[in-house]
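Letters A, B, C, D, E and F mark the chains as written, and numbering starts fresh at 1 in each.
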């Protein structure tokens, strides 16, 4: 059985090697950057992160909007749904009406969740 | 139409309207600079005039003349389609005048430009910064005694960036409800 | 329950505001403006536009130039429609000199002005599409603009920096085959406008981006001195060509489109419609082009014909005096206004009676549109800045002067 | 388990399919996109690069080489304050998933080394030369490589039974590339781009998964090869039973969701150049930058491949079966009969009944070639369509994308699922 | 009333607009039309001009590189009256006058240099010339660089040389010159 | 005292005043070609015809004297008509020469054409050809076609110089100005005819084709050619003086100036030293002040107790009073030097009109810097002192020496023997090779300064352009060095310095010379006060 997965091992290995060698190649072949750091360890104008030519204000790595987390949480809920639905779908013909009703209940519960999130503004962006 | 407006203005504010003229189709009133808010507000709100749009705000530097500056307000009436020009004389030794940014929204930037270019200080302006030149610029370039070819030393780092960090901090402090829940 | 939730939780879902410099070197900032944005996630809380990156000292230069030498500078104000700036200044100087351009000159100015307006609007609509990701519509519009610039080049000798107007007239008469040239280009332009229309106007993605974003109210528009398509989008029919006709506009039949809500989509629609109206205006002008001289008959102002200059001392003296002294404009001051691509282009010109203007102050439409941008952007999302900023059509050369 | 099976054949397949096809088409697309957009926009497009002679330009073909070399020789720049390791890792994570996902894309059915493969009810069966133990097995066993040694999956890197799950698994990985790139760069534009990318990709993954449920219900398998085989059946006796025919809504849902997954216009929010300059790869240069865009293009090829596989019949050429064209179901044994037959009975039924001859008989190698060609054509067409799409429509706003994903695609795919279930049960 | 106001009514979005698809297909139709048009008839439908090989003809009025007209005897027409350098808004014309051996000429430009990089191509100099000595109708645009010379940019020295090449001196400007029909110094009789 | 009305305005004038003068007093400009206030009045151009009430014909305003109750119209229709006619006549034979004519830009003909004529040419016959580029004198070129025969030049030679070289020959439209046979226009003031010529018929050989006049920027200044110090317009283009033009000053030079003085502007740009040098190495001013002061201090100290006594200081009568005042204070307070000498150019020719024997413009100013009795000694004394070794250190202002020939050679030799030679001058004149410290000073064209001429009239120069190179006005150099030598001269602004200077000069001179009228003529007052660099 597992023999089918042997090509995958090869594939992952090969792709990884190719991508890594590209990375190494570009680092080696391109001109090596210089004066990326001021004497005090600060960035030179060249090595500064891009902010339209102005000096960046504040930190780039800060807490970002909670809405992004909301999406992540919603994703978990609905991706779990997908995880349940897909095996069910594959064997759906065998399950027949019984399978339909059970899944309907499951889906309704989840859809209610979606409706609640929708109504409470969890899917709004401003 | 606006001719009578300018006359009416002259009659109503006899003391502060120094001169009126109508040359080249420009209905102009020269006024005392202290009355600028009063007159502009009157022109804007008066039922029959409704000069509700400030078309242009600029300043002219008449070097060697007293008063040296003239701040010019070009007003337009949207309903009557007429225009008047109000000029306020500003002397060289006291280059200040009242701001009208709350009467006309566009005066905000226009006044900043006049400050930048001529150094006329608008009292009551909320944010009188330079607008076209950089903060560190020395002098007011459109004054007639500023040499056209004058050059200024290169500025190493612009202060505004630093200020923006300060501003960020104060913003953060003043409006904690806008910040994170902490 | 919903309301409760909104009060208790949603408003509380803010995070640290992020300060972001958008511009000056940012693809959507038209090269020359910087906006310091305070962001909450994707929402803009506060915007502080900063201009001046393209400041060239236009007004200072003008004070040191002769009246004629100002024209090359005006080309560089709104560099997308240089002819309109040219004519605006010519009109101001003529008002000061109290001379009138000839009917033929006025008609040509009307034509070329509208040609420039077409290029302005095509650029604006195209760039708007580009910045929303619709690259093809942009390039179709640019193709149209190229056609227009070809036409401009045929007439003026240059594509952008035309220096075509002169006080009291024009550099040259219109080309003899202008009408034919226009007829060909007009067909293609209409096709292009239709293509852009098909790609954008009813596309829901485009509608979602444009409708209901960047709204300015009538009161704000008046208070901030809005003009042009931005003013008309709010429903106020403020168009100087209609209210105070100049050049040949008084005799020409055209519509002034106005919007209803003052949002980006209205401004887009108005520009699309104005392009069609411009074509209509040019058609009428081409049809009834008056004969006669182009330059007015005033030896103080207009250079004598070359034939006279080469062959008679009188012409030569006249020529010399105008060249080295400049046109002597009588002392006085004037606020002269024309309807440029973006709105009211005013020149406040003061003369002290010499060959150099004492002051030339430009009321550029963009300079009056930009201060109110916070009214349109604050509370919207970052992405809304893009169409809003575009339909305002800020032109760096014009705002920074 | 010999060396040839374990190493040589897989490596050969990887070489041809992943590097020879996916990567090649992907990198060709970089040029194709520019050329195509040029023609759309009445331009000429890139045509300057030349090889050896100045007039040897081939209309810009050498830009492929020139651009690659240029990217390779550019300065590799890491901004100050960036996390160097993650900064390096991110592009690799951007390209890797797009490449490894090709493992399960079937370019052809198994190659039958035994007796002539023949269609029964729209499906090909490979009869071994010697039926042997299979003679009494149900017909379905013919497709099982455990029993039928003559099945050779030469046209698919890994013949995994749960191929679709593998797809979901690997696309899930793609999020990391852009998210890490956005965070590692220490730039606000990158950060916003990375956040957008991750939120958008995970949002659309839900719809993507659910929109496929209908397909799964109909064909009842997770094996990609089997899915394609099922699509060869004829509906109403003449219409190939492709996914798009049975699940038109799911087709649009899946296409939309997968384009959104690939972060291309009109879903290119994470890299929206007019807002975020270049989004999560703002701070990337040289080949690192190119790897991101290469990843994007390989994803385009992959999406084209998977959409073709799931909805456009994969390697199926309409009415073409192992022995030639059958334009109606009447020229094949019917499905109900076929399923109950043993292998031996089926073979004898096939050979006995002259009615089951193909309408146009073709040699097997030609059928193989046509099918591979057909699949490649479909993939290219879908690539073209995606590129065309990009040059036509403006881009969404960020909240509109989330709106589309959560409020339109998700409910629609749930509805699609239920309706499909109902239809299946009722019909 | 010549101009009238027209209010642009906003159409309600129909169902099909809301479904995205028809309008997107319509848009695709436009782009596909152009795509196949460009492939089928490149000469008509591709508007790009591949610049160095193909060149668009400039219209007759096009203001290009300057040229100095010459007299019948091949000498420069210019008499160094400085009108052009006076009116030039960019100060790009530098003239040094000198006394000519021929008393009928009297004055000629010993040095006449136009800095083509400073020139803003406004054409005022042509208008200001009282002798028909300077013209901009060459139809060659003011590029001081020649394609083969781009290698010079590798070095600073090369850049400086390139800057120098932008200074078009009298003889170079005269190369494109031609006889003018205008009479020098005026016709003496009519 | 007749009282008349011109254009409706009344004025009372002295008897004998002409209409043109009276009108000018009222601000009415009557066009004229042949009339010149400094010359006799021939009334031959007919340009200034005005309408006088009661007179049948138009009367020449330059000639007609104002009488009581006269009513004059200077711009009536008739007058303008007549002017147009006159101009048309003049232009009939005028060549199309503006492009090559130096006068274009200050040409009366051009001005009047634009003001009064602006009609097209009606000429249908050939123009008369006359002589062109005729060398009428060594400094002046004549163009017969441009000449309008106003005879100003002829009258100038008759009345002012009395040399009588010029006359009008031929008649009618063939008339030309010529010199008498065997002579040429060669006198000390011949170039004044160029100024006088209202058109471009007489042009200066020196200024010819050098620069268009409309590009020139004019500054009021003085001529430094001799101690007369004629008032001039100094006209420069791009920081280079192109010419001098006499400026009307009845106290000094009226309308005139001599040719030598007129050409003396060349001195301003000849052989300029533009960088401060110490031992041949160039430095910035702060460095030079530092090192130069140290060098002076060391050299003085090296000479022992009596070191200061061996320092000689040469003052230049070419410098302005301000420079000399500061130099004196510098010499006395900072160096402690008491041996003062006078440099400057040697004497030359003189005549009985303007040219003075003393070729230094500010000798009077120099002398006034010192109290009577302490006046600096002559240059010959310096030579003697150097010869006898009493001077070991020499600080010299100005590179001119009033000795010539062998003495000058000897001076150069003596300079070589010095311990230290500091030269503070605009020009090197060969002395810069001998100096260890070179301090470039700016000329009178580049600074504000006061000069007192041979008659004791003080005049001010103004800054026509910024000092060339790194040169500085004398007074600023003195201040820079003095600050480093520990004896700071505290003045920062030139106005304050001038006040102090006048106090000192008044004290030194009895009777005190008058401070100059602030500005003599139409002065642009906006030249910023230059502040000494701190």
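Odds and ends about this structure:
Here, a contact is a pair of C-beta atoms (placed from the backbone, for glycine too) under 8 Å apart; a residue touches a chain by one contact, two chains touch by 3 or more.
Because the structure is predicted, anything quoted here is derived from the model rather than measured.
Graph distance from chain D to chain F, where chains that touch are one step apart, equals 2. Separation of chain A from chain F in touch steps, taking the shortest path, is 2. Taking the mean Cα position of each chain as its centre, F sits at the greatest distance from chain D. Interface comparison, A-C against D-E: more C-beta pairs in contact at A-C. Taking the mean of each chain's C-alpha atoms, the chain closest to the overall C-alpha centroid is C. With respect to chain A, maximal separation of chain centres occurs for F (centres as means of Cα atoms).
The distance from the centre of chain A to the centre of chain E, with each centre set as the mean of the Cα atoms, comes to 54 Å. Inter-chain centre distance (chain E to chain F, centres taken as mean C-alpha positions): 46 Å.
If you average the CA atoms of chain B and of chain F, the two centres end up 47 Å from each other.
Rounded to a whole number, the gap between the C-alpha centres of chain C and chain E is 24 angstrom. Shared interface positions of chain F, i.e. residues touching 2 or more other chains, are given as 95-99, 104, 123, 212, 214.
Counting partners per residue, chain E has 24, 27, 30-31, 34, 47, 83, 86, 130-131, 186 as the residues that reach two or more other chains.
The multi-chain contact residues of chain C, meaning those touching 2 or more other chains, are 14-16, 18-20, 26, 36, 40, 42, 136, 143, 199, 203, 205, 310-313, 316, 319-320, 324, 381.
The residues of chain D lying in touch with chain C in their complex are 37, 40-43, 188-189, 192, 265-266, 268-269, 272-277, 391-400. Chain E meets chain C in the complex at residues 2-10, 13, 17-20, 23-24, 26-27, 29-31, 34, 47, 58-59, 61-63, 83, 86-87, 89-90, 120-124, 127-128, 130-132, 136, 182-183, 186-187.
Residue ranges of chain C in contact with chain E, taken from their complex: 65-66, 68-69, 71-73, 75, 136, 143, 146, 153-158, 161, 163, 171-172, 175, 195, 198-199, 202-205, 207, 211, 235, 237, 239, 241-242, 245, 249-261, 265-266, 269-270, 273, 303, 306, 309-313, 316, 319-320, 323-324.
Chain D meets chain A in the complex at residues 1, 5-7, 10-11, 13-14, 18-19, 71-82, 88, 91-92, 95-96, 99-100, 103, 157-161, 164-165, 168, 183, 185-191, 195, 198-199, 202-203, 205-206, 209-210, 212-214, 216-217, 220-222, 277, 282-283, 286-288, 291, 398-399, 402-403, 406-407, 410-411, 414, 417-418, 421-422, 424-425. Residues 95-100, 104, 123-127, 129, 132-133, 208-210, 212, 214-215 of chain F are the ones touching chain E in the complex.
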